[in-house]
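Please go over the structures that come below.
Across the two complexes that follow, chain A remains constant while its partner is chain B and subsequently chain C.
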Partner chain A sequence: MYVITREGLRDLLESLQDEHALFGPVHHEVSGEVLFDRVDDPARIDIDAPIPFNPPKFAFFPQFGRILRYTYDRRTKDLRMEKEPLGEAKALVGIRSCDLAGLLCLDRFYLGQEFVDEFYLEHRKRTFIVSASCVRPFAQCFCVCTDSGPCPREGYDLNLTLLDDSYLVEPGSQKGAEVAARLNMPEADPGLVSERDRRIDRSISLFDELARENKAWISRVVNRITTGFVSEDVWEYIGSQCFECGACAFVCPTCSCFNIEDANTLAGSTDRVRTWDSCSFEGYTRMAGDHNPRKPVEDRRNKRFFCKLSFSQSKKYLRPGCVGCGRCARICPGDIGLPNVVACIRREITGRE
Partner chain B sequence: MGYKTGVCNFCGTGCGNLLRVEGDRILGVFSAPGHPVSRGRLCVRGWHIHELLNTEDRLAYPLARLAGGGFVRVDYRSALDQVVDGLSRYAGEEIAFLASPRSSNEDNYLLAKLSRAALGCNNIGLASDSGHRHCVDVFMQGGCWPAMTGSLADVETAALILVVGSDITRQNPIVGSRIHLAARGGSHLVTISSRSTQIARLSHRHHLVRPGTQGLLLYAMARILVEENLQDRDFIGRYTDGYEVFVRSLEALDMGAVQQATGIGLDDVRETARRIARAPSAMAFFPSGISGLDRETIARLYNLFLAAGKIGREGCGVNPVTGISNLVGSYDVGAAPDLLPGHFRADDPEAARRLSKTWGAEISAAPGRHPAEMLSARPCGLKALVIVDHDEEIVRFTQALRRLDLVVYLGAYANPITEFAHLIVPTTTFAEADGTYTSTERRIQLMGKKLEPSLEVLPLWRICASLAERLGRRWSYGSAAEVMDEIASVVPSYSAVSHAALEHRFGLQWPCDAQHPEGTPRFAPESPRDRLRFVPQAAPSAAPVSTDGYPFLLIPGRANYYWHQNNVMKKTHIPRREYNALLLLYPNGLVEICAEDAARIGVRDKWPVNIVSADGSMRVAARISADVPPGTAYVPYFVQEMIPGFLRAHGAPDFPGEDSVIPVRIEKV
Partner chain C sequence: MSGNGEVIVTVPEAAVVEEITEEIEDVRTFYFRFEDPDRERDFRIRSGQFVMCTVFGAGEFAVSLPFSPEDDRRHISVRRAGKVTGALHQLEPGDKIGIRGPFGNGFPFEEIRGRNVIYIAGGIGLIPLRSSIVHLLQHRSAYGRIILLYGSRSAKELMYRYMIDTWRETEGFETHFAIDRAEPGWTGDVGFVHTLIPKAKVPVDNSVAFVCGPPTMFNAVIRELTSNGMKDDVIISTLERHMKCGIGKCQHCAIGRTLVCTDGPVYTYRQIKTLGEHI
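The block that comes next holds the complex of A and B.
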């Protein structure tokens, strides 16, 4: 373990920028809200900023990403395919514990199953991750209920924990240890390590206030959803408020569903693109001849919450599909983000408003 | 590189977005947190705007039609020369400009100036504007602003929200979201429509009126307000004129007939009327686009809210919701035959004189005509038409278009209309040029240029300036910001607006002037000198009724399935997948009927049926829907053949709103 000052953090970012494109939390120029974005100037990154509005998944799973380019000449029947060039190496700085857990879910989906997705792998393998422990929870958060925070346990190269004016640095990989060594980071004394533990414990205790309403019910709801005890009325009530915008999937750090389209370009070539997709869309499950196993909106909605909270799905990710970031609650036009769905099911269980 | 703040360009809500710029392309979009309207939300269309920006259906270079048919590529400069050569051959009254409500304020201002000042042509009008035009007329007649009188930021403070005739969660989902969230937070939500919609299902009270009787229901509510002495006498006395005439106009109503015609029990009507009157604050929302309300219904809604004193305070207002990004702004800058920039009447000599002075060119006081009106007139008298960025609306005029000597098309995307053009000049997209767009709540927002155009194209305002220069005018605008400076000098409600003032903020709501440099969220009478007027309303006409021969009332609509910018949606991937499904499943159109009626006729979903009216017939597929009540048939008219083949045979208005009702029978084929 090491300890660095804010200056040391700046050195770290600048050194990462030598070999990586830099991504991190920045403040929006108008609203001051926090976004996770690519930056040219490391000074824009505010590693202590609240949880960003958007998850970092676009860095590995682009919203509209080319995976192949080909040119077909109708006249000569000549077909030329071009390999997609290697992406740039990326350093993601200030990733919160929930988002890191989300990234690990994406890893399991794209890399950990029968097929390894080489495009995702290409994005992912030259990545350096500097995560940040949450020494305080934010209003939307409930990672303690989904086992994904406030302090990351795996998946980072370096993890930083804010201690007043300095950061405790934990290497989580060989790569991370090498960077720490190269920058001659000073060793932390054991007192600082136990101070880190105290601060994380305090952070966890602060969740009590935030999670009192619904969030503490998540494990009960996991049980309920897994065993199929949620009544159709409840799903219909939830589905009636769905605006079918797809945003819950787009802001979810673990949502991995995609669509593939061949998009012709003005230049005459064709891009095969992988785009984000969402189970809230009717077209997502529609098959030829208008057969759709999930045609009514409530069937599509309960699919989402099965995916996030059922045990059968959690077995695939080796953790719940929800990481407790609370973004879907902020972005949903219908007010059926996951915490509210938990509240609906809680009301069904308790029979109380 | 990275996310750049912008404004969604689809509907009129004016949501904030973040466009992901990578190299010379826009490869993603995210909602902008903290935006005062969208508050970090977007709808399915907004979430895919980058797909439109990557379409192959761009107009890549100027084209000129060859005498023998087909097009030849020409260079940009010579294309503009040819436009000027072509237009100079005609007198002002032989030319018309069909402007686009998707163009920026700067674009439409200079287009109107080109038309009026450089070509002496007052025939300029907007596509798809009929519904909003009614609002502009009614509100101006009523002494109010010609746009939303309330503010979207107020929705949560309204004790009562009334939604009339709109499938608002589909047409303007983020406005629908704010209404839904307000209802969840305690506002009482009432809806009036002839068809069940999501917002109707989410409301506390839905009045499922018989087709064509929304206005009648509002009329009855006003009558109840007066009868039960629930009107806001203080407000009426202090700020309004015309109340006595309004009260007398209500006497014509036979309350006994209301229940019969609307299908709504009088007790229910009374309850809603009382709620509107007694609520400490109330807001009304209705669609204002091509499937908007008719003039009479808007007038009744306006009068009802005036009588209830629900205009001019926080949480109050009568609020038209526009379907296209810059519909409001396009009127503000004068894209109408009879309105100059600033909503001054073109036949007001003082206004014309002032504008002539600013523009340094004499403006003709002769009344202009709307291009759509000219195209449908016989003989039409029109020789040359300039069309900007138009979608499939124009299909209704294909015959008339073929007869024109010159059709010039200016736009960013390929479009069925280009096959009628003689000259095609491509323009930038909204992401490739600076421009301001005015949302439904009068919010003027700057969409700064996000990337250099990948093609050799100019923004519309610059094309207009180049054309004017070729016509011998000296227009020396260096930037869109300079065009806005001129708009600010001409349009009083924009007088404190500039690109510099709009930068680094999520827009300013007009009136934005010396007294209100930070904009004005809602209409508020500032002194008893600000008189509002009750708008004259006609006695209720007979509600359409079904007969034994024609037992169904057919409502033509479109927003529910296709949203009127289908032509834009076709250029995306995910929304196209969602929207096109119906076109694939019902390739020749559809009529929605309820299961009971379908069983009576003996048809199932997707079976063909004939729709027969007194004036014509058409064959479409039946679609069984729980959203229409027995006796009602709903036809989304997105299929081209249905318009000339059926709806036009009825002499129906060009694009009827959902209050246009046709009695029909439906026969199994």
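The block that comes next holds the complex of A and C.
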């Protein structure tokens, strides 16, 4: 393990920028809101900033991404198809533990099933990840309930933990170790490693009350959702609170549903575009001819939480589909972010017993 | 980084529409040939699978394959139902379409050898079953009785009648038809298709039923079959869903814990019952 100063961090970012497009948490120039964004100037990255408004998934799964461009001339029958070139190297810096867990869910889902998604693979295959331990939780956070924080355990090339004015650096891969060696990072003495552990323990003790209350309940709720033992009344209440805006899916680090549309351009070509989609939208399951097998909103909400918390979905991610970032709770206008859904089901269980 | 899965290329293969035939109102059959001769020669399907079909300039849709591996021509039969299928119906012979696939599991022929096979179709539900019927008739001696119970709203809405006439030349292929309301010249039954089950004296022992049609018809048929003692795991159906990718990633076709594109589209009724959502 190594220790670097803030100057050492700047050197790391600049060195990564030589070979990668750089992504990290930045403060929006006007609102000050923290966003995870692509940056040209490494000095804009603030890895100590609070958890960003958006997860990093857009780096590998763009919100709007052209996957194919074609032109077809019906008169001459001339067809030209051109695949979208992809795959620049990317360095993601300052990824928080929850978001890294979310990214690993996406990896397992897109790359680890029966079929491999070529677009995700192309976007993802040359990536360097610098994660950051959370030495303090934020108001929305509940990663302690979902086994995904506050300190990352896997998936990073380097992990940084803030210690006053310096960072403890842990390589998590051969690539990470090589970068640390190339930059001549100073070795950390053992005292700093136990100091890191103390800070993480302290962080765990500072989580919000709802996160602490829910902690023991997540596994029971997983059990209930998997076995279908949640009453229709609960889903109907949750459905009645849903505005069908889809924001929860867009800010979720593990939501991976997409739509594909062919958009004709004024230049005569057509762009096949992949866009984020949400199972809360009524059109999501609507078939040609308007038959919709999953029309009622409560059925659609039920589906989302099945995806986040059922055991059958966990088998695809090798962990629960919720990583405890709390963004859905922060953004939901109907106040049915995941922690509140857990609380609803929990009330149902305790009410029954 | 990736696991052992196959990397699926998402660029469609160009195919030329060679012939278009009117089947019934709003349903046409498009015979196609791949532009690439290698692809044309090597394209293999399992009966019961589906493809993603691109109408260039309009979009892509999932469509079940009516042709059988034994057929010498490849075709799809499509009802004009929305934007993309509407655009498909505008095409003329010589136009190009795009094909991705085939995808999905297919019918379990190995497991049903030696059994009686009862096909029960409603309307255009015969399209995905056609592939299986053609396959079975090619291997007629490997199966017991083969019965087709086919119903639609009216006589002019029965699909593939000219093909059915050809199939009836195969010895021991039994057919029974029903339409919703009596029509002049109609010699078959009048009523819904499930009422044909007792009339045809459908055997229950050592039998398997392939059922495909609209949800109301499906449910009525299932009730009739199960009340006659047919077991859930020998009732087989093929499901359709709004689909975007065909490879288990877009999630549009999720029903409960299953994805129709990779786990289906062929399911037993026993599986369908455990999905936990409307079909």
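One rule holds for everything that comes next: the second predicted complex is superposed on the first by the 340 of 353 C-alpha atoms of A that agree within 3 Å, B and C clash if a C-alpha of one lies under 4 Å from a C-alpha of the other, contacts with A are read in each partner's own complex, and residues count from 1 in each chain.
Note that in this section a residue touches a chain if its C-beta (ideal position, glycine included) is under 8 Å from a C-beta of that chain, and two chains touch if they have at least 3 such contacts.
The model shown is predicted, which means the values in this text are computed figures rather than measured ones.
Student: After the overlay on chain A, what do you see for chain B versus chain C, clash or fit?
Tutor: Once both complexes are aligned on chain A, chain B and chain C fit side by side.
Student: Just checking: does A:Y317 make contact with chain B only, chain C only, both, or neither of them? Give me first, second, both or neither.
Tutor: neither
Student: Scan A:R294 for contacts with chain B and chain C and give back first, second, both or neither.
Tutor: In the superposed model, A:R294 contacts chain C only, not chain B.
Student: Under the stated touch criterion, which partner chain does A:D117 make contact with: chain B (first), chain C (second), both, or neither?
Tutor: It touches chain C, and chain B stays clear.
Student: Roughly what angle, nearest 10 degrees, sits at the C-alpha centre of chain A between those of chain B and chain C?
Tutor: Nearest-10 rounding gives 80 degrees.
Student: Would you check which partner chain A:K125 touches, where first means chain B only, second means chain C only, and both and neither mean what they say?
Tutor: Only chain C is touched by A:K125; chain B is not.
Student: Taking the superposition on A as described, I'd like to know which of chain B and chain C A:Y70 touches: first, second, both or neither.
Tutor: After superposition on chain A, A:Y70 lies in contact with chain C alone.
Student: Between chain B (first) and chain C (second), which, if any, makes contact with A:S256: first, second, both or neither?
Tutor: The answer is second: A:S256 touches chain C but not chain B.
Student: Once the shared chain is lined up, is A:D277 touching chain B (first), chain C (second), both, or neither of them?
Tutor: both
Student: Touch check for A:R286: first (chain B), second (chain C), both, or neither?
Tutor: It touches chain B and chain C both.
Student: Touch test for A:N264: chain B only (first), chain C only (second), both, or neither?
Tutor: both
Student: Once superposed, minimum distance in angstrom between C-alpha atoms of chain B and those of chain C?
Tutor: After superposing on chain A, chain B and chain C come no closer than 7 Å at C-alpha.
Student: If you lay the two complexes on top of each other, which residues of chain A touch chain B in one and chain C in the other?
Tutor: 259, 261, 264, 277, 286
Student: Which residues, counting only chain A, touch chain B once they are in their complex?
Tutor: 28-35, 37-40, 53-54, 58, 62-65, 240-241, 243-247, 250, 259, 261, 263-266, 273, 275, 277, 281-283, 286, 290, 330-335
Student: In their shared complex, at which residues does chain C touch chain A?
Tutor: Contact set of chain C toward chain A: 1-3, 5-12, 14, 16, 54, 56-61, 79, 81-85, 94-96, 98, 215, 240-242, 244-245, 247-252, 254-257, 262, 276-279.
Student: Which residues of chain B touch chain A in the complex?
Tutor: 1-3, 5, 18, 20, 27-35, 40-44, 46-47, 50-51, 54-56, 58, 60, 169, 173-174, 176-177, 180-181, 184, 198, 201-202, 454-455, 504-506, 573-574, 577-578, 581, 585
Student: Would you tell me which residues of chain A are touching chain C in their complex?
Tutor: 67-68, 70, 72, 74, 77, 79, 81, 83, 107, 109-121, 124-125, 228, 256-262, 264, 270, 272, 277, 279, 284-289, 291, 293-294, 299, 303, 306, 310, 312-313
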